[in-house]
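Got a structure here, written out as structure tokens. Questions coming.
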Amino acid sequence: MEQVYLHFPILQVLIPLLLAPICVLVGRSTFSWLITFFGSVSSLVIAISLLHSVSDGSSISYHIGGWPPPIGIEYVVDSANAFLLVLVSGISTVVLLYARDQIKLEIDEENHTLFYTCYLLCLTGLLGVLITGDVFNVFVFLEISSLSTYVLVAQGAKRDKRALKAAFNYLIMGTVGATFFVIGVGFIYMATGTLNMFDIYERINDLESSRTVRASYAFIVIGMGLKLAMFPMHLWMPGAYTYAPTVVTTFLSATATKVSLYVLIRFTFSVFHFDFNFIEQVFKFLVMPLAIIAMFAMSFVAIFQKDIKRMLAYSSIAQIGYMLLGVSLLSSEGLTATFVNLFNHGITKATLFMSLGVLTLYSGKSFLSDVQGLGKKMPWISASFLIGGLSLVGIPGTAGFISKWLLVQATIEAGVPILALLIILSSLLAIVYIWKVIEHLYFMEPHSELASQKVSFRILIPLWILSISCLYWGFDTSLTVGTSDIAANNLFNNVIKLN
Amino acid sequence: MDFIQVPSSYIFYLAAAITFVFLRDRTLRSVLLICVPIIALIQVWNLEIGNHHQVDFFNLQLELMRVDKLSKVFGLIFCLAAFLGNLYAWHVKDVVQQIATLVYTGSAIGAVFAGDLVSLFFYWEGTAIASVFLIWARRTEASYHTGMRYLLIQISSGVILLAGLAVQFHTTGSIAFEKMELSSLSSFLIFISFGIKCAFPLLHNWLQDSYPAATVTGTVILSSFTTKLAIYALARSFAGTEILIYIGAIMTLFPIFFAEIENDLRRVLAYSLNNQLGFMVVGIGVGTELALNGTASHAFAHILYKSLLFMSVGAVLFRTGTSKASELGGLYKTMPLSALCCLIGAASISAFPLFSGFVTKSLIMDATATEHYPVIWCVLVFASAGVLSHSGIKIPYFTFFAHDSGLRPKEAPINMLIAMFITSFLCVFLGVFPDTLYNILPYEVNYKPYTISHVISQLQLLCFALLAFTVIMKLGFHPPEIRAINLDSDWVYRKYLPSIMLRIINRLGSVNESTRSGLENKISSGEQILLNIFGPTANFARVFTNGVMILWIAVIFTGALAIVLF
Amino acid sequence: MIFEHNFIMGHLNYWLFIMLMMTGLFIVISRGNLIKKIVGLNIFQTSVFMFYISIGKVAGGTAPIFPMDMNINPSILYSNPLPHVLILTAIVVGIATTALGLALIVRIREAYGTIEDEEISLIEADEQKLETQSQLA
Amino acid sequence: MNDNNKKLKETTNPVGSILFGWLDHRHSTRIIIGTLSVSCFVLLLVDFVYHRHGHFMIEEVPGFFALYGFLMFSLIILGATTLRYFVKRREDYYGTKAVDSDMTENKK
């Protein structure tokens, strides 16, 4: 038993990876759902146990195949990625709970098995990116998740053919991003001769002036910027989120961009040295301004959207602005705020997309007029949308408030209170677009032709798990803030305590 | 922790949750809405002095129940006002309004008992967000826009409070909601935040903008809490801050003139509310025990008579569909009881002896006199005459008397009448037995309102002002009630800034010809401008081909490379 | 300095890599035909492969292969095998991407009847207009 | 005249006629003004009989409050009339999305 425990880091990735082909072989919708669900749950269990064992700020190093680093590939678990491992596998599990019913309406029966296979692969990729300590391995897992994501997005074609074009755009953009990233990795390898993150960190110390190292950072920022939809490289995102099946949108919005952001953070702090002058410059003159523009411009765009899914996609880009802002303060507080934001925004957006998906389950369209008056007909679902919306805006008592609060604190701590003001001002914009939906939900008469729709408990349960967690993390901050604090401190001081 | 000492706000929130989830029956909801304030009233009455309910939040200790005599008196009147308001709103079927009322009153009461700035901030925003639903509940486009403006201003007040609290926490490490000096950045921010909610001059316009836009019952509820909460907060933190005396004096003055020429009676009352707040702010500024007693008691009495006035005008609006002075008149024939209540409210606000205003306002006046502020005292006396002019005379006279408008509405519904009667009774009761009120004030009261000289001087002031009114009416100099609106400071953000924005946008030339001509038609609509920049067809949101996307990446990458390499 | 012989010839592999990369990107940007876009993407990716392989080359080094008898002669210079191995993985990824892209193009062609980016955009714009109209109505 | 009166009676609330019925009397206005003038006069007289103690000297001047009240009230009316000259606008000044013009439509 002890043996198994020691292999948890690799099992974290291996279980969903191995289950994927099994899924194809099974070929039946229900069975493959069961397998996928099993994979997701076991990932979650493993992630939680990993988080538990690193919660004191220590870290676990796992040597693949017994080859010690820097020769072999190393998996490293510390509180930063263990936290996100829990988020990704947790969201995946909750999404799967409701996926079955939703998928039946959105995807042809014969594609279900393959859908779940891709879902598992996507999960594998995301978990792998998080857990690996090898820079090239990051690229491989990133591409595993991206390639399966393109397929998942394209599955929306049954409802709207534009999903295909969105997936194709995403493919082009994603590949360009990944290739940029791989060029950056090549440059680092040229400069340091190693691929292990922590080994690079040691060796890169005197290379601040090296142009190779500098250029590699530029490539990596742009590559990851593309994947995490940093404004103005977000253009693939609204389409992909709008036309993808709701299950996919829910899962991706809560995880994919977060994982890419994690990679950026990891590279900035554990591969490069964040106090390199050029890194500070990049954040000061590129990332921060773009993040602020995103916060406002994208919120304004969201206000004018008629399609709620698209509105939420734009809102995600604005929210990514907050997270990037937190990172670009290059302070421990800012980093904590970003980690909390990653988590809280993940569950908030998942709640929103999921409840929206259920609200528009039968109409299939997610325009404002499609949810009109549903507040009375589907009170439970609308209420969970409301909670998600409140959390997105950052109303006290919700998870969203905690992340905004920390971010505001961090900006004041960093000595730029004007940013705090901007953050708060842009949050006001969120009120406007969320209000538009709430208004249609609650204050308008429903279309008469919409008969009262029954929603099974299989859907309600995961939805309310998410809604309640939106509220719960608004009160109990010991896990989110506590872990983020440790994670941020570890990254900031680059303390990797191996046990 | 004793069960009775749980935060009173929880009671309201619980009721709101129950209403939201369970209560489908209208009557049950109305009953609940009336019962909850009574339960809270009993609870608050029985609260012991002290700090009762601590909660840990982020390594901060929140004091949710700081009970002292100041918070208790505000807690009591808030519960009372909630009860009266809900009784008045018995007939309302709209569940949104009912929940909003519960959350709003709960937050206001919670804020009163909040012992630290963080929980104050929570409740502060709670009042802002819940109350806007009372405006939106009217469900017209106009009320939606007004509500938006209201929400924006209220939320900004909370945001500034948050900023002040953050700065304070950062510099001193304390989140205590206590007396502070107006000397540091943090206290200044907090002061501004309170000032916005308290409708300081030039920050006041949300009040006059929004209260006439709410529903009939919503305005009654609104009038009781938000501003008085701000008064409480100021009294708690900035008592004795001298600048408040002058701010308060200006607050008592300028609304008088606006109220005099305003046509919408509910807006007249909003101006009058602003003027009354001025008295309280002066009291806070003076800051002596007498003055603070005056502020607390005046807030107490004010909530009652202002609700009463809003109730009677609301009843008229409910029955006739308008609250414009120019459309009303002669309603005493069919709404005599409402007229009577309105007269009692008018007498109370004008501070006629034997009515509540008389026994509370004089505390503040006396405090300014004993502390030797002769000019301020004169201003307050002047303002008292002003109160008489718009709330004492204008409201009842142009609604119920004056020329006959020909309207013959039915008397107000029975629930409204009962609420008005109880409130009227309380107004008179406090006026006749001021000691009941004086006993619950924060400090010991050694003040006798009913001295001969005080009664005589007040009667002289009021009677001669009335005489002046009759003379002016006879001479025909009184500004006629006409259908018009008056500009106020909101003009800046409703008219001026949008036009400036438009000019800038035009100058930039980022708008193409066809939309520009369309734009000119909607010169006032800032929304249109935003639409042109951020709307679905604008550059920011267009669906690009992936070639363009890649081009963007190339641009950003070049930027990044330049930054990194040089 | 820029025109120094050494600067150009010494970094020849980088210049070629950059040229190839730009060519690929330019195709992605400028061509409307989706298949051509995929081809451009391939060229772009290939340039990176070339880059990796070239940095693994040690001047005068031979292929990093164990001799049959497993007796390694320390005097023989080997090229660095690691980048080459990495690129094997990257090539697999590239092929998968290409395959997926082409598969998507097939589906796009079925759905839209064209594989020209501009035409697809027009069709989508029409659709969007219809949607907005139905919203207004 | 009689007919008109009758009509009024029909539409008037019975409580109303008890409370405010006297207002319909022909001389009601004169009675009110008369009462008011008399009470003002009496109040003014009291000042000369009774010496008031105030915080300020000016309070002790007989008739100070009376004069102040009268003049200030007039000043308010005057000030308000002047103010109206500057700030008066049409009801739909802020466009159709303002509450005031909204009410106009309600009326229709």
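Letters A, B, C and D name the chains as they come in the text, with residue numbers starting at 1 for each one.
Heads up, the rule we're going with is that contacts are C-beta pairs under 8 Å (C-beta built on N, C-alpha and C of every residue); 3 or more make two chains touch, one makes a residue touch a chain.
Since this is a predicted model, take the numbers as computed values, not measurements.
Top contact pair of chains, counted by C-beta pairs, is B-D. Of all chains, the one whose CA centroid is most distant from that of chain C is D.
Mean C-alpha positions place chain C and chain D at a centre distance of 86 Å. Chain A and chain D have Cα centroids separated by 67 Å.
Per-chain CA centroids place chain A at a distance of 43 Å from chain B. Note on chain placement: the centre of chain B and the centre of chain D lie 26 Å apart, centres being C-alpha means. With touch defined as above, residues shared between interfaces to two or more other chains in chain C number as follows: 25, 28, 37, 124, 132. For chain B, the set of residues touching two or more other chains reads 536, 543, 546, 548, 550. Across the assembly, chain A contributes 168, 172, 176, 306 as residues in contact with two or more other chains.
Touching pairs of chains, sorted by label, consist of A-B, A-C, B-C, B-D.
Residues 25, 28, 34, 37, 41, 44-45, 48, 51-52, 55, 82-83, 86, 89-90, 93, 96-97, 100-101, 104-105, 107-108, 111-112, 120, 124, 127, 131-132, 135 of chain C touch chain A in their complex. Considering their complex, residues 536, 543, 545-548, 550-551, 554 of chain B touch chain C.
Across the complex, chain A is touched by residues 20, 57-58, 96, 121-122, 125-126, 129, 136, 139, 144, 148, 151-152, 155-156, 159, 162-163, 166-167, 170, 530-531, 533-536, 538, 540-541, 543-544, 546, 548-550, 552-553, 556-557, 559-561, 563-565 of chain B.
Looking at the complex, you find that chain A touches chain C at residues 136, 139-140, 143, 147, 150-151, 154, 157, 161-162, 164-165, 167-168, 171-172, 175-176, 178-179, 182-183, 186, 189-190, 195, 306-307, 367-369. The touching residues of chain B, counted against chain D in their complex, run 140-143, 145-146, 209, 212-213, 256-258, 260-261, 264, 321-324, 327, 332-337, 339-340, 366, 369-370, 372, 374, 377, 381-382, 385-386, 388-389, 401, 408, 411, 452-453, 456-470, 472, 477-479, 483-488, 494-495, 524-525.
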